[in-house]
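Attaching a single structure in C-alpha cells format; questions to follow.
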Amino acid sequence: MLKSSKLLVITEVKMNKRAAIYLIVPAFTGVLIFTFFPLIQIAIPTFQNNQSIFSEYIRFLQNTYNVQVISRTFLIAITTVVIVLIMGLPISLWIARQRTNVKQVLSLLILFPMLTNAVVRNFAWIIILGRDGILNKFFMALHIVNHPLSILYTNVSIIIGSVYLFLPIMITSLVGSISELNIEVEEAAAVLGATPLKSFFRILIPQLTPGIFTGCILVFAGTMTAYTTPQILGGNRHLVMSTLIYQQAMTLGNWQSASVIAIVLIIISALSMWIMRRISRLLDRRPSLA
Amino acid sequence: TSACSAGSSSNGGKVVLSTFGLSTKQMQSDVLKPFTKETNVKVSTQFGDSSTRLTQIQHNPNSGVDVIELAQNNAVTGAKKKLFAKLNFSKLKNFKYLSAAQQKLAKQTNSVPYTLNSIGIIYNPKKVNLKEWNQLWDKNLKGKIAIPDITTTFGPAMLYLAGDHAKTAVTSDNGVGAFKALKELKPNVVKTYAQSSDLSNMFKTGEIEAAVVGDYAVGMLQATNPDLKYVVPASGTYANYDNVAILKNSKNQDAAYKYIDFRLSEKIQKKVAGAKSLNNAPVNTQVKLTESEAANKTYGDIAKRAKTIDFFYVNDHMASWISKWNKIMNQ
Amino acid sequence: MLDRKNKVLTIVSLIVLAILMLPLVLVVVTSFNTQSSISLPIEGFTFNWYANIFQQPDFIAGFESSLLVALLASGLALLFGIPAVYALTRLDVPKASWFQSFFLSPTLIPEIVIGFALYQTVVITMRIPVFAGLIIGHFLLCLPYVIRLITASMLLLDRHIEEAGWIYGCSPKKTFFLLVLPNIKTSIIAAFMMCFINSFNNIPISLFMNGPSLTMLPPAILNYLQNNYDPTVSAISVLLMIFTGLMMFLVEKAIGIKSLTK
Amino acid sequence: MANLEVKKLAKSYDGKNKVLQDISFSVNNGELVSILGPSGCGKTTTLRIIAGLLDETSGQVLVDQADVTKTPVYKRNFGMVFQSYALFPHLNIFENVAFGLKMRGLSKTEIKSKVEEILEITGLSEFAQKYPAQLSGGQQQRVSLARALVINPQLLLMDEPLSNLDAKLRLKMREEIRRLQQKLKMTVLFVTHDQQECFAISDRVMIMKEGRIDQYDTPQNIFHHPRTEYVARFIGYDNFIHFDQAQVIDNHHVKVGNISFESIDECEKAKVLTIRPENIEIVDQNKGDNTILGTIISNEYLGQSFKYRIKTELGEFQVEESRKKMRLVGEQINLEFPAKHLHALSE
Amino acid sequence: MANLEVKKLAKSYDGKNKVLQDISFSVNNGELVSILGPSGCGKTTTLRIIAGLLDETSGQVLVDQADVTKTPVYKRNFGMVFQSYALFPHLNIFENVAFGLKMRGLSKTEIKSKVEEILEITGLSEFAQKYPAQLSGGQQQRVSLARALVINPQLLLMDEPLSNLDAKLRLKMREEIRRLQQKLKMTVLFVTHDQQECFAISDRVMIMKEGRIDQYDTPQNIFHHPRTEYVARFIGYDNFIHFDQAQVIDNHHVKVGNISFESIDECEKAKVLTIRPENIEIVDQNKGDNTILGTIISNEYLGQSFKYRIKTELGEFQVEESRKKMRLVGEQINLEFPAKHLHALSE
C-alpha cells in the first residue's frame, strides 16, 4: 500500500497540457505547506545549537533512558511484525482460497476491527490482560500458572495491542497477494511430488515475498509510530517514542526535546522501511521486468 | 444582571474556561450551568490535563481562553512565565473568605486557590493494612504498589515523601536523598501512574494492593472497588491547590472575574464539595462540612496536618528530576 | 494442497479469527454490566451506561465535531485528490510517479508528529484557528487514501471510454463529469469511507489540535477512560461499532448495487 | 510408458449436476490421445481427476492395472503440463526443472545430469540460469514440458498446453511435442479445443460432449466417419440435411423433399446427411439426384477461395469454391452433393 | 458518405523514432478500407491521428477536401469503434447509443426514434434497457457499432473491432459489419491484423510495415500479386527462393542452382520467387524445369490435407497435399512448382 502503484500513461492524449498544472497544484501546495513546511519548522531549531548542529541529538542519545525508549519502540515494532506475520499467513491463505462469497464475508469480518475505533480496540485488551482478567482466569483455571501474570502495562501488552491493531491490515494485504497467485503453480508442485508443507515453504512463501514485505513494512511503520496503543496499554513506565513525544511536548512543555525525538523517529522508521525494502528486493529472486 | 430573562444571552457576555477533564458532567451541571443561570454569562470550555493546557496557553497567546484552572505547580509556572493577568482582588467579593496563606499564594501567583487536595494511601484491607508512609518500603509489598508519576500533580509530593523517608528534605539536597529512597522503593512499584483511573483498574484486577493517591480520586476508586480503605498518615501529608487565573490576553475580563468569584462563593464551594459532585475540598472558610461530608477531603484535621510544597523550588529543578526519575523508576 | 479444505489451516484460521473477534464481543458484554467497573463476568444487566453517554457533554459535543471534521476533511481530500489523480493518470505529467509518492508522503510521517508540527506551524505561527488546523491535519491523514484508491480505479478504467466521449462530441470537462466520475463512483465511496473512518477515529492529531469548545470524540473517550473506569466506555464503544458496521453496510450496499450493473 | 485405464468416472461439483457422466476409456503404452471438446465439456475435470488434483465422485483410475484413485497427487509420479505453464516464478529454469527430482530426493550430481540432459533435448540449455519471466511464451512452454519429462513420468497429462500461443508458435510447439513424445515413447493425454491441433498430433482422439465421450477413434476415422451430428459439426461439416425414417429409400438412398440423395454411408438408421462446404460443387446444370437449386445470399473472399451462403428449399448451405472471380449475391446456382462426400449419421 | 485523404502523415512519440513515415492515401466515398499489419506497425497510431485523439507530427488529414487537422476531436463528427468497445458502463444500451445524439442537442423524440431504428438494425432492440455488463461480447460489439452509426458519421473508424471475439462470433460479426456498411453506404477505415478477416470484408486493403504503406490494393490483387516478400509472407506464401540478377535468364525464366524456373511474372527486376504450400505439387518423376528433389522431414495431418516440411538443395519447403494416406518422414519426393503459381517479387 505504501508503494506507489506504477503509473502508466498509455498513449499520448490530445489535451490541454496546462490543465495538468491546475489540477495538481492545489493538492501539491496543500501537502507542501502543511506537511513539509511544518516538518522543516520543527527541525530547524533542533540543529541550532551553540556547540554543533548535532549536539541536541548527541545529548538526546547520551541519555540512556532515551536510548531505552528507542530500543523498546524498535523491539516492540519488530516483535509485532513477526507475530502478525505468523498469525496472518495461515488465515490469509485460508481466506484467499475460499469461494468468492465466503471470501467476501470473511474479508468484511476482518475489516471490521480495522475500522473500529483504536481506543475501543485497545481498551478491550485491558479487560482481557489484567491480573484479574479473562486470560489470567483462564490460565489459572487450567493450572497453567499458579499466580496471575502481570501482562498489562508491560511491553508484552503493547505488543499484544499492536498485533491486534495491525493483524487485519496484514491479512487484508496478504489476502490480496495470495489471490493474485496462480494456483496451478502449487498444483504443479504437487504433481511433481511436493507435500503440502514443502509446497508452503518452497513455493508459496517465496512467491509471496514482495507481498509479505509490503505487509511487514505497513505493520512496522504503524507500530513504530502508533500512539494510542502504547498510551493505553503501556502507561508511563513503558513509554515508546510517540508517547514520549507527547509527554515532552504537552505534559512537560519541552518542545525542543519533542522535536528532536520526532526527527529521530522519522529517521529511524524511514531507515528501517528502506532497509526492509532492500531486503525484500534481495530476497525476491524474480527478475524485475522494467 | 438579574433583570435578564433566561433566554437572552447578549447581556451577560461570555467566557472561555479551560479546566480539568475529570468529572466533566458534574462540572457542567454543578458549576457552569448555575453560573450561566445566575450571571447570564455563556461559558465555553476546554477540558484536559493541567500540564497540557498550560503548555498550550504558554505557546499560543491566541488560544482564546479567558479563565484557566490549573494544578498548583502549573499555576506557579504560569505565573512565572507571566501568562496571567494581574488580579484586582477587590473585584472578588469572596476573596476575603480565603485563609491568609491562600491569599498570599494568590497574590504571589495571580491565581486564586479554589480547592485543595492532599495525598494519602489507599489500600485493599483484605491483603494489607497500612497506616504510615514508611510502610510502603516494606519488603512484603514487593510488586504491589503504585505511585504517582513525577509528571503528574502529586509527582513532586511523592518526591517529598521519599525525602522524608530518607530524612533529608528535598529542598535541602536537591533531591539526592529522595532519589536514593525511591531506588529502594522501586521493587515494590508496579507502575508509576499518570491517571488515577489506572488505579481503579489495577485494584480491580489485583495488579496492586496499595497506592499513593490524591484524595480527590478516592471517591471514584471506592465506587469501583468498595472494599478499598483510604488513610492519611498521622505523620502528615502534602497539600496541593488547584488555582484559577485569568489569562493576560483575555478580552472578557469582567465575566472572568464573575466566574472566579462565583467559584469561590459559599454556595458553590459547598455544592462541589459533595461526594457525588466534584468532591472539591472548600477553601471558603464560611463553608462548614459535617464529618461525613468531609470524608476524603483535605479539610479540618487533615488540612491542618498538610504541608505545602515549594513549587517555586520544585519547578526550577523539575527538568533534571524528571530525567533522574525516568532513569530510576521507568527503566 | 493448501486450500480451504486443509484441516490444520482451517483450525489455525478459526482460532485467529476468534482472537480478532473476541475482544469486541467482550466489550459488548461489559457494556451491560451493573457493576460500575469494567469487568467480567457481569453481575447484572443494565442500559444505564448507555444512558450515561448522553449525559457527558464531551461525548455529545465530541461526536458532533468529530463527525463534522471527518466529513469536511474527507470531502476536502476528495476535492483536492481527485483532480490530482486525474492529471497523474490521464495527462502527460512529467515525473508522475514522483508526484504520486509526494502525495502519499503524509502516510510516512507519524501522526503524532503531524499533530505536533501542525500545531506549531498552523496554529501558532500562521495563527490559523485550531478548528481549521484540525481540518488540515485530518485532510493530510485522508489525502493518501484518496490518491491510492482512486489512482487504482483510474488505472483500471478503460481510457477509451473518455475518448469515446470526445468522439461523440463531448468536451473534455463534460466528459469528466458525465463519463469518468460515474465510473469511479465505487472507489470514491470506498475512499470516502476510509477517510471518514480514519479521521473519525484519529487521536494523535486531535490531541494537539484542540481548544475551547473543540472536543473530538476519541480523545474525549480516552479522557473519560483515564478518569473514570466505568462501563460507559464499553457502551460508547458498542455504539461506535454499530456506527462502523452501519457505514460498512451502507457502503457495501451502495457499491454492491453498483457492481450489479457493471 | 504406462497404460492408463479410466473406469466409469463420474464427477459432480455441487452434488447435483454431473459434469462427468460415467466415462470409461483406456490409453495404451506410448500412445498420444487427445481430448477434444467445446468449453465446459469436462476436459479439464477429467485430466485433473486423473492427476489427483480433484476428487472423483465415483469411478476408478488405473495405471498399469493398479488402482491409483486414492493415491495423493504428490505420490502419483505423473507429469503434467498446465495451460498456464505454472512455472515457479521465483526459481530459475534449472531449478524449475530440477524441482521434481529434488522432491524425489535425488543426489545433486544425478539431478544435474538429468536436468542438463532434458534441457539439451528441449533446446533450453542456454536459458538454465534465466527466470521464467525472462523467457518467451514458447520457451516457457518448453520449460514446462521439460519439468514434466525429467521425472520420467509414467503418464504425461497436458491441459491445453498451446492455447496461449499465437498461431505460428503454436504450430511449432505442437510439432515439437509430437517429436518428443515419439522419441521418448511417452503415454500422453492431451487436452485441447482446437480441432486441427488435435488431428495433427494424436494417435487417437476422444471427442467429448457434456461429460460424455461422443467418439473415440483415430483422427482419420473421425474426420471421414463422424459418428454423430455433434462430432461432424465440430470438425467442419457445416451443412446438414435432416430427415426421418420414412424418407429412407434403400441402404444408400434417401429422398428429402423432391430430391433423392445417395450417400457413401448406410442410411438405414440414419437421420441426418452431412457434407463439408468445400465438398459441395457448384455445377452448371441440375442433373437431378444429389443436386439442388439455390440463391447466393452472401459472399466472402477467403484468400484462396470464396465462401457463399446459399438459400435452398432444404435450408441454407455453406459452400466454399476456389475460383478467380467472386459470384454475386442473388445469383442462382445448382449445388451438387457428391455421394462420396455425403455422409449419413444416425445421431 | 465522405472522402478521406491523408497527406504525408508522420508521427513520432519521442521526437526521434518515426512511428509513421510520411504516409499518404485516400479512401473513397462508401469504401471500406482495411489497414493490415503486424503488431506495432502503426495502425492504431494512424487511426488515432485521423480521429483527432493524437497530435500528428506533420502532415494533413482532409475530409471532403476540408482540412480537419486542427479540429478538436469532439467537433469532428466521426464515428469510432474501439477495440475494447469502450461502452459507458454506467449507462444502459439505449443511453449508450443515444450519447452522441444528446451531445448534438437533438430533441428527445428525435433521439428516441433514431436510437430505436439503429437498435432495430443491429438487432439490439430487446436489450435497450440492459447495461453493457449484462451483454455478451458480440452484443457489446454491436452496441459499440450502433453507437458509432447512429450519429451518421462522415467517416467510421474501427480499431481491431473483432480481436476480442472467438472465431465463430468473429466470423458472424464481420459479415454483419460488411452488410451494414454496404446498406448504409459508409466510408470505413478498418484496422486489423487478421489477414483472412481483412480480405473477407474490404474493398481495398492497405498493408503497413514499420510506419510505411507496403501495398494498397484490392484483396484479389494483393492475394495474387503481392508486391514484396513482406506482403507475400504475410498472406501465406510460405516458400521463397532467393536469387540475384545474374541468375535471371529471360523475362520469365530464372536459374537457381541447377534448376530452371519459369514464373508467371516478369523476372527482370525480381530477386525472389515465391509459392504457396498448397500450390506446390508432389509429382512422381522429375520433369526437370520447375521441379526439385527433396526429403520429407516432418509430416502433419491437417484434417483435409497433410502438411510436410521438405528439405531440398534450395532449402526447406512447406507443402500441403490432399490425399488419403500420409507420406512418411524420410520419403524422397519430387516437388513441382507450377509456373502459373510461381510469383516473382522485386523486394
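Chains here go by letter, A, B, C, D and E, matching the order in which they are written, and residues are numbered from 1 within each.
By definition in this document, contacts are C-beta pairs under 8 Å (C-beta built on N, C-alpha and C of every residue); 3 or more make two chains touch, one makes a residue touch a chain.
Treat the numbers as computed from the prediction; the structure is a model and nothing was measured.
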- [ ] Based on which chains touch which, give the shortest step count from chain A to chain D.
- [x] 1
Task: Touching chain B and also chain C, the following chains - done: A
TODO: From chain C, count the fewest steps through touching chains until chain D is reached.
DONE: 2
Open item on the list: If you average the CA coordinates per chain, which chain's centre is most distant from that of chain D?
Closed with: B
Task: Interface with more contacting C-beta pairs, comparing A-C to C-E - done: A-C
Task: Inter-chain centre distance, chain A versus chain C - centres from mean C-alpha coordinates, in Å - done: 17
Open item on the list: Suppose each chain is reduced to the average of its Cα coordinates; what separation in Å results between chain C and chain E?
Closed with: 53
Task: Separation of mean Cα positions, chain E and chain B [Å, integer] - done: 89
Open item on the list: Just the number, please: Cα centre separation of chain A and chain B in whole Å.
Closed with: 39
Open item on the list: Two or more other chains touching the same residue: where does that happen in chain E?
Closed with: 52-53, 72-73
- [ ] Give me the residues of chain B that touch two or more other chains.
- [x] 56, 59, 194, 198, 201, 204-205
Task: Multi-chain contact sites of chain A, meaning residues that touch two or more partners - done: 11-13, 126, 132-133, 187, 190, 249-250, 255
- [ ] Show which residues of chain B lie in contact with chain A when the two form their complex.
- [x] 49, 51-52, 54-56, 58-59, 143, 149, 151, 190-194, 198, 201-202, 204-207, 318-319, 322-323, 326-327, 329-331
Open item on the list: Using the touch definition from the top, list the residues of chain A that touch chain B in their complex.
Closed with: 63-65, 68, 126, 130-133, 148, 150, 152-153, 235-239, 247, 249-255
- [ ] Please name which positions on chain A make contact with chain C in the complex.
- [x] 1-2, 4-13, 15-17, 19-20, 22-24, 26-28, 30-31, 34-35, 37-39, 41-42, 87-88, 90-91, 93-95, 97-99, 102, 106, 108-113, 115-121, 123-128, 132-134, 164, 167-168, 186-187, 190, 196, 199-200, 204, 221, 224-225, 227-228, 231-232, 242, 245-246, 249-250, 255, 258-259, 262, 265-266, 269-270, 273
Task: chain C-touching residues of chain E, taken from the complex the two chains share - done: 51-53, 72-80, 82-84, 86-90, 99-100, 103-104, 131, 133-134, 147, 151
Open item on the list: For a test of understanding, state which residues of chain D touch chain E in their complex under the given definition.
Closed with: 175, 179, 195-196, 199-200, 219-220, 223, 235-236, 276, 278, 298, 300-304, 307
